[in-house]
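What follows is a pair of complexes built around subunit A, which joins subunit B in one and subunit C in the other.
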Partner chain A sequence: MFAVTTLIAVSFSIGSFRIEEAERPFLYSVLLWIILTFSALSGLARSFVKEEEAGTIDVLKLSARPQAVFLGKLLFNLTLLGALELMIVPSFILLMSYQISFPGFFIAVIISGGLGLGAGTTIIAAMIARASTRGALFSALSLPLLLPLMITCIKGCERAAIGISSAGWPEVKIAVAYFVIMITMSLLLFPLVWEE
Partner chain B sequence: MFTLNVSGIGKHYGETLLFRDISFQLNRGDVLAVAGWNGSGKSTLLRIIAGLVRPSAGQVGMFFNSEPIPKESRRRFVGMVAPALSLYDELTGLENMEFFCRVRGTACNRNDCLDIIDRVGLTEHATKMCRDYSSGMKQRLKLAQALLHKPPLLLLDEPGCNLDSKGIEVVQEIVSEQRQSGMSVIASNEKREADYADRVINLSE
Partner chain C sequence: MIYKILLTVWMAIIIVAAFLYAEAATGFPGETSRILFFHVPQAWVATLSFLISMIASAVYLAKRRVKADYLAQSAAELGFLFCILATITGSIFAKTTWGAFWNWDPRQTSIVILLMIYGAYFAVRSAVNDPDRRRVFAGVYSILAFVTVPFLVFVVPRITTSLHPENTMNPAHPGMDPKTLKVFLGSLFAYTGLFVWMLRLKIRVLTIEGLREPKFMSRKPDNE
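Here is the complex of A and B:
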C-alpha cells in the first residue's frame, strides 16, 4: 500500500515532463530506489516482530534451527520484495516515461539490489524484534547498512538509463557481493540474535 | 538414556534476585514439581532449562548415554508447554502440528499428527482454525505440540491452565506415560499437579 501510494504521489506531482531530460536518468533512479527501499523497510521490518507479538517466537526457538528460521524469513521477504518490484518497477517506468537504454543491465540491477535489500532488512528485522523502540532502532540500523547498496543501485539504474557502457556490470557485482556478505554474516550472527 | 543435570542455577534481573543455587538431577521416570509464589521464578527456571533464557549463574547439562548434548541439539530432547507459548492462530490445529513436524525435521506424517491430536482429545476440532479455539482447546494443542517429537524431557508450566476435568485427566495421563520414556518438570501452584511429582522444589523458600 505504501509503495502504491508513494508511486502515485510521485507520478502525479512530478510526472514525466517536469524534469529536464538530461536530469531524468539520475532523478528517476533516485525516486525509484527511494520508493523500493522505503516500501521494503515498512513491510519487511515486521517479519520477526509479528512472531514476537503473537507469542509464537518461543515455540519456533524450541522447534527449529536458528539458521532455518532465518532462511525461511529471508525467502519470505525476498518473495514479497520480488512481488513488490514486479508491481512497482513496470508501473514506475510507465507512469514516468522512464527511458532505459540497457534493459538487461537495468533488470539485473533491480534483481540484485532486491536481493541485497531483502538480506539487509531481514537481519535488521531480527535484531529489532525484541526492542521496545523498534521503529527508531530499525531506521537507525538500516541507514548505515543499506545506504551503500542504495547508492550502488541508483548509480546502476542511472547507467542503464543513460546507456553508458555497462561492460563488467560493476553495480550488479557489488550488489551481488553485498547479498553474499549479508547472508554469510547473518547466518553466523543470527544464532546470537535469536538467543536471549 | 537421557539425564538432566541442573547445577547451581541462579537468575537475577538487575538487582532483583529471583532464585539462586538451584541444583537437581533427573533420570528416566522422574517427575519434579517446581512450586513458589507468583513471581518467584518458576516459569523462568523452566525457560532456563529449555534454553530460552540464559541463567545468571550455574549451568544446565543434558546427557544422552552419559555423553553431553550440545546446546544447539537440545531442542530435539525438550518439549515445553507454557502460558506464554502460542501456536499459529491462522492455521488449523492439524496444520500447526504438520508445520512443527516439518520445522523440527521430525519424520512424522499426517496420521502421526492426527494421533497426537486424538491423544489430547481434539480430533473433532483438528481442521478448525486455531483462532476459533477456546483457551482450553489451545492448551490441549500446546500439549500436543510438546509431545509431537516424543521428547525425553517434558517441561510443563501450569499444564492444567484453562483445562476442564477431562483435560486435566489428559495431563495426568501424559505425565504418567512420560515416566516410561523420560522425565517431566512441572511448574505449578496447584496441589493436584504437585501430587504428580516425586520431588518438589519450592522457590519461595
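Here is the complex of A and C:
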C-alpha cells in the first residue's frame, strides 16, 4: 500500500516530462530506489514482530534450529521483496516513461539489490522484535547498513539507463558480495540474538 | 594522577608547537594546513575507537564478560565524540580551501556513515531494557556495521575523486617537513593518550553504575 501510494504521488507530481532529458536517468534511479527501499522497510519490519505478537516464538525456539528459522524468514522476506519489485519496477517504468539502454543489466541490478536488501535487514528485524520501541528503530538500524548498497544500486540503475559500457557488471558484483557477506555474518550472529 | 598532569603538559606543548614551531605547509591558503595537527589525530582516534568497540563486542559475545561490554560501550561513546570533532574541524577546513562546508567529498560521505552507525548503535542500547540482551544486541549490531564498512571503499571512490589532501599531508610521504612531522606525531600521541585516559574514566563510571544495577535483572550467562 505504501509502495503504491508513493509511486502514484511521485509520478503524479513529477510526471514524465517535468525533468529534463539529461537529468532523467540519474533522478529516476534515485526515486526508484527510494520507493523500493522505504516500501521494503515498512514490510520487512513485521517479519519477526508477527511471531512475537502471536506468541508463537517460544514454540519456534523449541522446535527448530536457529539457522533454519533464519533461512526461512530470509526466504519469506526475499519472496516479499521479489513480489514488491515485480509490482513497483514495471509500473514505475511505464508511468515515468523511463528509458533503459541495457535492460539485462538493469534487471540484474534490481534483483541483486533486492537480495542485498533482504539479507541486510532480516537479522535487524529479529533484533527489533525483542526491543521496546519497534517501528522507528527498524529503519534507524537498517539504513546505515543499507547505505552502501543503496548507493551502489542507484549508480547501477543510472548506468544501465544511460547505457555507459558496463563490462563485468561491477554494481551487480558488489551487491551480490554484500548479499553473501550479510548472510554469512547473520548465520553466525543470529543464534545469539535468537536465544537471548 | 601523574598521568593526567603529564598529559596536560604534553598537550599544551603540542598546541603551542602546532602554531609556533611548525611551519605552514605550502599549497594551502594562509595557515589552514595547521589543522593537520588537530583534525587528523581526531579522525585517527575516531577510527581506532570504532575498531576497539568492534573487537570488544566480539570478545563479549564469545566470553560474556561484562568488562568487555563496558569497553565496547565506552569506546563507542568516545569515538562518537571524536568523530563529531573531526567532522567539524574537517568542514571548517573544507570551507576555507574548497569554498563550502559540505560537498559530499568521499571522506565526508564515509564520516557521515560512521556517525550514522554510531547513532544506530546508541539507539540499540537505549531501546532494549534487559541489560544482558542489550549487550548482546549492541555487540551483534556493532559487528554487522563493521562488516558493511569495507563496501564503502568500493562504492565511494566511484562517485567523485577526492579533494582531500593526501600526499602533501601524509606523514608517510617523504616530502613532509621534518618539523611538521615531529609535531604531527606528537599530536597523534597526545590525542591517543587523551583517548586512553577518557576511556579509563568512562569504564570506571560504567563499572560503578553496573554495581548499582539491581541483581534480579542480571542472569547467568547461557552456555551453549
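In this section, the second predicted complex is superposed on the first by the 196 of 196 C-alpha atoms of A that agree within 3 Å, B and C clash if a C-alpha of one lies under 4 Å from a C-alpha of the other, contacts with A are read in each partner's own complex, and residues count from 1 in each chain.
We take it that a contact is a pair of C-beta atoms (placed from the backbone, for glycine too) under 8 Å apart; a residue touches a chain by one contact, two chains touch by 3 or more.
Given the structure is predicted, the values throughout are model-derived calculations rather than measurements.
Of the two partner chains, subunit C is the only one that A:Leu137 touches; subunit B does not reach it. Contacts of A:Ile154 after superposition on the shared chain: neither subunit B nor subunit C is touched.
In the superposition on chain A, A:Glu195 makes contact with both subunit B and subunit C. In the superposition on chain A, A:Leu145 makes contact with subunit C only, not with subunit B.
Looking at the shared chain after the overlay, A:Ala3 reaches neither subunit B nor subunit C.
Comparing subunit B with subunit C, more residues of subunit A are touched by C. Of the two partner chains placed around the shared chain by superposition, neither subunit B nor subunit C is touched by A:Ala108.
The contact surfaces that subunit B and subunit C form on subunit A in the two complexes overlap at residues 191, 195-196.
On the subunit C side of its complex with subunit A, the touching residues are 61, 113, 116-117, 119-120, 123-124, 127-129, 132-133, 136-137, 139-141, 143-145, 147-148, 151-152, 154-156, 158-159, 222, 224. Residues 54-56, 58-65, 68, 191, 195-196 of subunit A are the ones touching subunit B in the complex. Contact residues of subunit A toward subunit C in the complex are 120, 123-124, 127-128, 130-133, 137, 140-141, 143-145, 147-149, 151-152, 155, 174, 177-178, 181-182, 185-186, 189, 191-193, 195-196. Chain contact summary for the complex, subunit B toward subunit A: residues 47, 50-54, 72, 75, 78, 80, 82, 84-89, 100, 103-104, 145.
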